[in-house]
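The same chain A turns up in both complexes below, where it pairs with chain B and then with chain C.
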Partner chain A sequence: MRNRQARTAYLLIAPALLLFIGFTAYPFIWSAQISLTSWDGLNAVKKFVGFQNYINLFGDAEFRKSLSVTTIYTVSVTLISTILGFLIALMLQRRGKSSVIYRTIFFSPVVTATVAAAVVWQLLFDPYVGVIDLGLKALHLPGPNWLSDTHWALPAVIIVGIWKRLGFAVIVYAAGLSSLPTSCYEAADLDGVSGWQKVRYMTIPLMRPVTTLVLITGFIDAIQVFDHIFILTSGGPMGSTNVMSLLLFNQGFKLFRLGYASAIGWTLFMIILALTMLQWQIRRRHE
Partner chain B sequence: MMRKFKKISLGLADHLVLIAISSIVILPFVWMITTSLKPPKLAFAAPYLIPTHFHWQNFVNAWHEAPFSRYYLNSIIVAVLVTFGQVFTSALAAYAFDRFEFPLKKTLWFTLLASMMVPLPLLVIPSFQIIQHLHWADNLVALIIPRCWSAFGILLLRQFIHSIPRDFDDAAKMDGASTLRVIWTVILPLARPAVATLALFAFLFAWNDFLWPLIVLNSPEHFTVPLGIANFSGKYGTRWTLLMAATVSATIPAVIAFLAMQKSLIRGLASGGVNE
Partner chain C sequence: MKLTHRRLASILSLAVFATVSLGTGSAIAASKAVKPVTIQFWNYWDGGNGQALSKLVTEFNKKNPGIIVKPVTFPWGDLLPKLQSAIASGSTPALAATDIAWMANMNQSGKLVDLGAALGGIKKATGDIYPSLLTYGLYKGKLQSLPASTNNLSLFYNKDLFRKAGLNPNKPPKTWAEMRADAMAISKLGNGTQGMEIYVQPGEGLTWQFQPYLWQSGAGFLNKTNTAPTFNSAAGKTALQFLVDLINVDHAATAGQWGAFDKGQAGMRIDGSWMVGGYRDNAPFEFGTAMLPIPDGGVHATNMGGEQIMAFKGTTATQAAAVTFIQWFTSAPIQARWDVATNFMPISDSVANSNVLLKHIAEEPALKAFIDQQKYAYARPAIAAYPAVSDAFSKALEPAFYGTVSVSDALANADAAVRKALSTN
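Up next is the complex of A and B:
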């Protein structure tokens, strides 16, 4: 009986398991091996170089720049979209019907193909005909040449990243807020607690698990960003938006330095692993 | 009296803030539609928001310059098959993980969950080699088969199946139904909310996917919508009216379809987030 059960179970898991092994587990392990070679993808011989790719990586000014660009991008997009998402969800909480319209608006970037949205943002950021600079000029402010200025390209792609991410934070926070017990708030009202105090001492602590989730999934999402930066700047100008996924793509698929590109990929994985473990630690502390 | 006044003005301030932020959020959509409808020569002349002439010719030209119907067809084929594939493999696996005991169950479960941490950019390098060995390069199969499983899907469906009492399975089994039949006729209909959420996520992901198709596909006749748009924008760089007609074609129908289904999508997102 037990045996039969195990056989049935394995048959049921088989389709997912085989795809997992073939297209996730195997490439994952293989990429670790590639990262220890100087393979170009064409040569049959894969020269073993040990940890040389990783050593080169941290001595490479381009990679160090990419690491800092990725960090600035990831932290800004995640923090700003989370804080803004929380505040918007708080405001929506008190609205009835109109909140549906707002939610739909905030959610529409989430369901728009990033590549297509990026093409539109390219027009919005245009220094001559773009609506952003037209607006700034109307206010007698200098309109930067967003996408070709080393100082403004990163803020520009961060704006698009926030625009894309905001709706997710709003929806998750809105759901979290709606599941809070109303009785505590009614009690607080009777005690004459002010609105701000309720947010500060009740809502924010109660929402901590949701906040951890929004932050961690946001970090993991943002750290792998590729699509809209590829369209808007391709990493330029002067590497000012050259995030790690773009560097990996260029090293792997333009310069065919597969070993080096795989080492970048593994560094990315290590960062995600560290962040996830951090999340576990935080959750354990709160339980 | 003072207190009441304060409350009302606070509500109004909230509304103003919300209107301001949502205007910024929808600005790209508005600007895209407006520009797509303007004659090329008047594209950036006032009035900015509402075109005075509706120049539908942009759309005719855009569809003439690039086979958007082809891109749509490719994207739909990929997204639909990936969606069915993920629902199918996840339902079977989720049922097995919830209802059966078998060797290595815990290890396998942990491994599947841990795989969600692997970044996609890391996988594309060896995956592309695998695809070439299989002779799937420049073929839609390469976008479909590797994506027909989902750790998130198995997790989501297992959580839901766990809440379905085993009595339902037993009753069907008494009637002589096989395990597959139980999953198909009893479990899946009961797990509809979770299945709908998974289906929407799978579809959305496949529809938006860019990096992997960019690496795998070469021939324009195999392009999906995002790839077609990227290609179009590279070719017609600053012919903005034409380009916006193309992006409107590529986004608006999909956005409307997704927003129409947003209730279950949002419910799924929210439950995934809160129950975590």
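Up next is the complex of A and C:
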């Protein structure tokens, strides 16, 4: 009976498993193999170079700069969207039924096609006809040339990243807040605990599992960013927005260095894995 | 009784099955006898170019009942990754047309059909196609692709802005000095109007746009054997200084994003003949074209772009079908009609002199500059290291446009980076 059940279970997971092996596991292992070659993606010969691509990576100034840009982008987008998401969810909690409309509004960027949204943002950031600079000029503030200025391009793509990510954080926090036990808050009210104290000493600690989820998924999402930066700046000006995924794409598919690009991909994967494990460890210690 | 019914049902099922099977079998046999060879043609010609290709392919399919060519269009940036994965997985299409800049790498794939052998020898296969275009298709004595189109860079200018700036809209600049003066006059219109739009984003775009300035001023790019850079010279510095000064001294151009000319916010830009149709139909301003201005004592020069068409190794039938299509598509009468529909430049004298194309050029005066300039078009180095060389070159030059590195340092850095790219790729 147990064997029969197991067989049925294996049969049921077989389609998903086959897809996983074909489209995730196999390419994953194959890219590790490619990362040890100097293959251009077209040549019939894949020359084995050992770990040379990985050694070259750390001597490559462009990779180091890309790593730093990716770190700034990831930390900024993840932290700001998480904090804002929590605050907005808190405010929405107090609005009762009308919060559904606001939740829909905040969530709409998540389901908007990033490329289409990036094209709209490109118009918004235009230094002459863009709404953002026109607004700043109306306030007698200097409007920067957002996407062409080496100092402003990264903040501009970070703004778009936050805009895109915020809705997810709001929805997850809103769901988390709605599941909190009301009895604790009622008891706190009876004890005369202030609103801020309830947030600081009750809501934030109770929301820790949700925060871990939002941070980890936000982090994994942000570190792999590609699409909107590709449309808005293509990594420029002067590499100021050249995140690792963009570097990987350019190396592999524009410069015919698929081996090197695979090494970048594996390095990115190891970074994500290490930091995710670190986040879980920190969470466990707090539990 | 029940058994009888079951038996009857079984007999009927078998009869139906046999009839269907036999029927299908004979249908398959019949279809096998006349089944045409279906081949895919991967390319990145979209919009009007894609429609033009589609019309020609339909015509070819009608004339060749044994072959069905199916064009598959990818965005420019997607075609190369698709080809890379197709080559790696052994699932290449029968036909593809790709950027000439990729050909050195494509040639090494070992997957391309020898068109010279398939078409009765290289001489017969190439006819009077311009020799400079053939450099991309020849590899180790074999002809692995043929030019499907060619183009070059000329000067586009906004006649409305010329008028507003008090310039003669029918007198585009012929020299760098005139171009500088016109750009400065236009930039004085204010509100962010650029006199000249310059491509400064790193990558092949920057290199391909800057190379004509090098060649015009007498500098080279790589030496004849493509083993060392030659741009770090006095002439090279003159070329780069000219553009850097337009941005940082004259403030007649901006180091930034590309696209101001399209919106009517820049007086001039250099671009390819494929833009003529789009500007004629959609530009919110009147535009003109002219040959690229040259420096005092300089020479005419422009950059050559285009696509090569190739057949991939497959079955005898798919290879034969692909070769038949290539032969038809690169023939002079079809190329002339292709150029009329796309505003690409002729690949041979017989195309250039065809009545169809001559009539089109007379009706589309903006093409004249490109036609006149084609003879001054330089081919970029057809070597596998070129993408890495171009990338290294453009990245070293970019800071000069932003004014953070001097022209001398930028060229010296580019020289070192290109030498490294040549030695490691």
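The criterion applied here is as follows: the second predicted complex is superposed on the first by the 271 of 287 C-alpha atoms of A that agree within 3 Å, B and C clash if a C-alpha of one lies under 4 Å from a C-alpha of the other, contacts with A are read in each partner's own complex, and residues count from 1 in each chain.
FYI, contacts are C-beta pairs under 8 Å (C-beta built on N, C-alpha and C of every residue); 3 or more make two chains touch, one makes a residue touch a chain.
Please read these numbers as outputs of a predicted model, since none were measured by experiment.
S.K.: Chain A superposed: clash or fit between chain B and chain C?
M.R.: On the shared chain A, the partners clash.
S.K.: By the touch definition at the top of the document, which applies to A:226: first (chain B), second (chain C), both, or neither?
M.R.: A:226 sits against chain B, while chain C stays out of touch.
S.K.: Between chain B (first) and chain C (second), which does A:147 come into contact with in this model arrangement: first, second, both, or neither?
M.R.: Only chain C; A:147 stays clear of chain B.
S.K.: Counting only touches as set out at the top, which of chain B and chain C does A:121 meet: first, second, both, neither?
M.R.: After superposing on A, A:121 lies in contact with chain B but is clear of chain C.
S.K.: Once chain A of both complexes is superposed, is A:165 in touch with chain B (first), chain C (second), both, or neither?
M.R.: neither
S.K.: Determine, for the superposed model, which of the two partners chain B and chain C contacts more residues of chain A.
M.R.: Counting residues of chain A touched by each partner, the higher count goes to B.
S.K.: Have a look at where A:256 lands relative to chain B and chain C in the superposition and call it first, second, both or neither.
M.R.: A:256: touches chain C, not chain B.
S.K.: Check whether A:16 is in contact with chain B, with chain C, with both or with neither, and answer first, second, both or neither.
M.R.: first
S.K.: Which partner does A:24 reach: the first (chain B), the second (chain C), both, or neither?
M.R.: First partner only, chain B.
S.K.: Looking at the overlay, which bit of chain B runs into chain C, 21-29, 93-101 or 129-137?
M.R.: 129-137
S.K.: From the superposed pair, tell me which chain A residues show up as contacts to chain B and also as contacts to chain C.
M.R.: Shared contact residues on chain A: 41, 128, 252-253, 258.
S.K.: Mind listing the chain A positions that touch chain B in their complex?
M.R.: 2, 5-6, 8-10, 12-13, 15-17, 19-20, 22-28, 30-31, 34, 41, 84, 88, 91-92, 94, 102-109, 111-117, 119-124, 126, 128-129, 131, 134, 163, 166-168, 171-172, 174-176, 179, 195, 209-210, 213-214, 220, 223-224, 226-227, 230-231, 244-245, 248-249, 252-253, 258, 261-262, 265-266, 268-269, 272-273, 276
S.K.: Report the residues of chain B in contact with chain A in the complex, numbered from low to high.
M.R.: Going through chain B, the ones touching chain A are 10-11, 14, 17-18, 21-22, 24-29, 31-32, 35, 43-44, 48, 88-90, 92-93, 95-97, 100-103, 105, 108, 111-112, 115, 117-130, 145-146, 148-149, 151, 154, 179, 183, 204, 207-208, 210-211, 214-215, 225-227, 229-230, 233, 238, 240, 243-244, 247, 250-251, 254-255, 258-259, 262, 265-266, 269-271, 273-274, 276.
S.K.: Using the touch definition up top, name the residues of chain C that touch chain A in the complex.
M.R.: 77, 80-81, 83-84, 87-88, 105-106, 108-111, 191-192, 200-204, 254-257, 265, 384, 387-388, 391, 395, 398-399, 402, 404, 425
S.K.: Mind pulling up the chain A residues that touch chain C in the complex?
M.R.: Contacts found on chain A: 40-44, 62, 127-128, 145, 147-150, 233-239, 250, 252-258.
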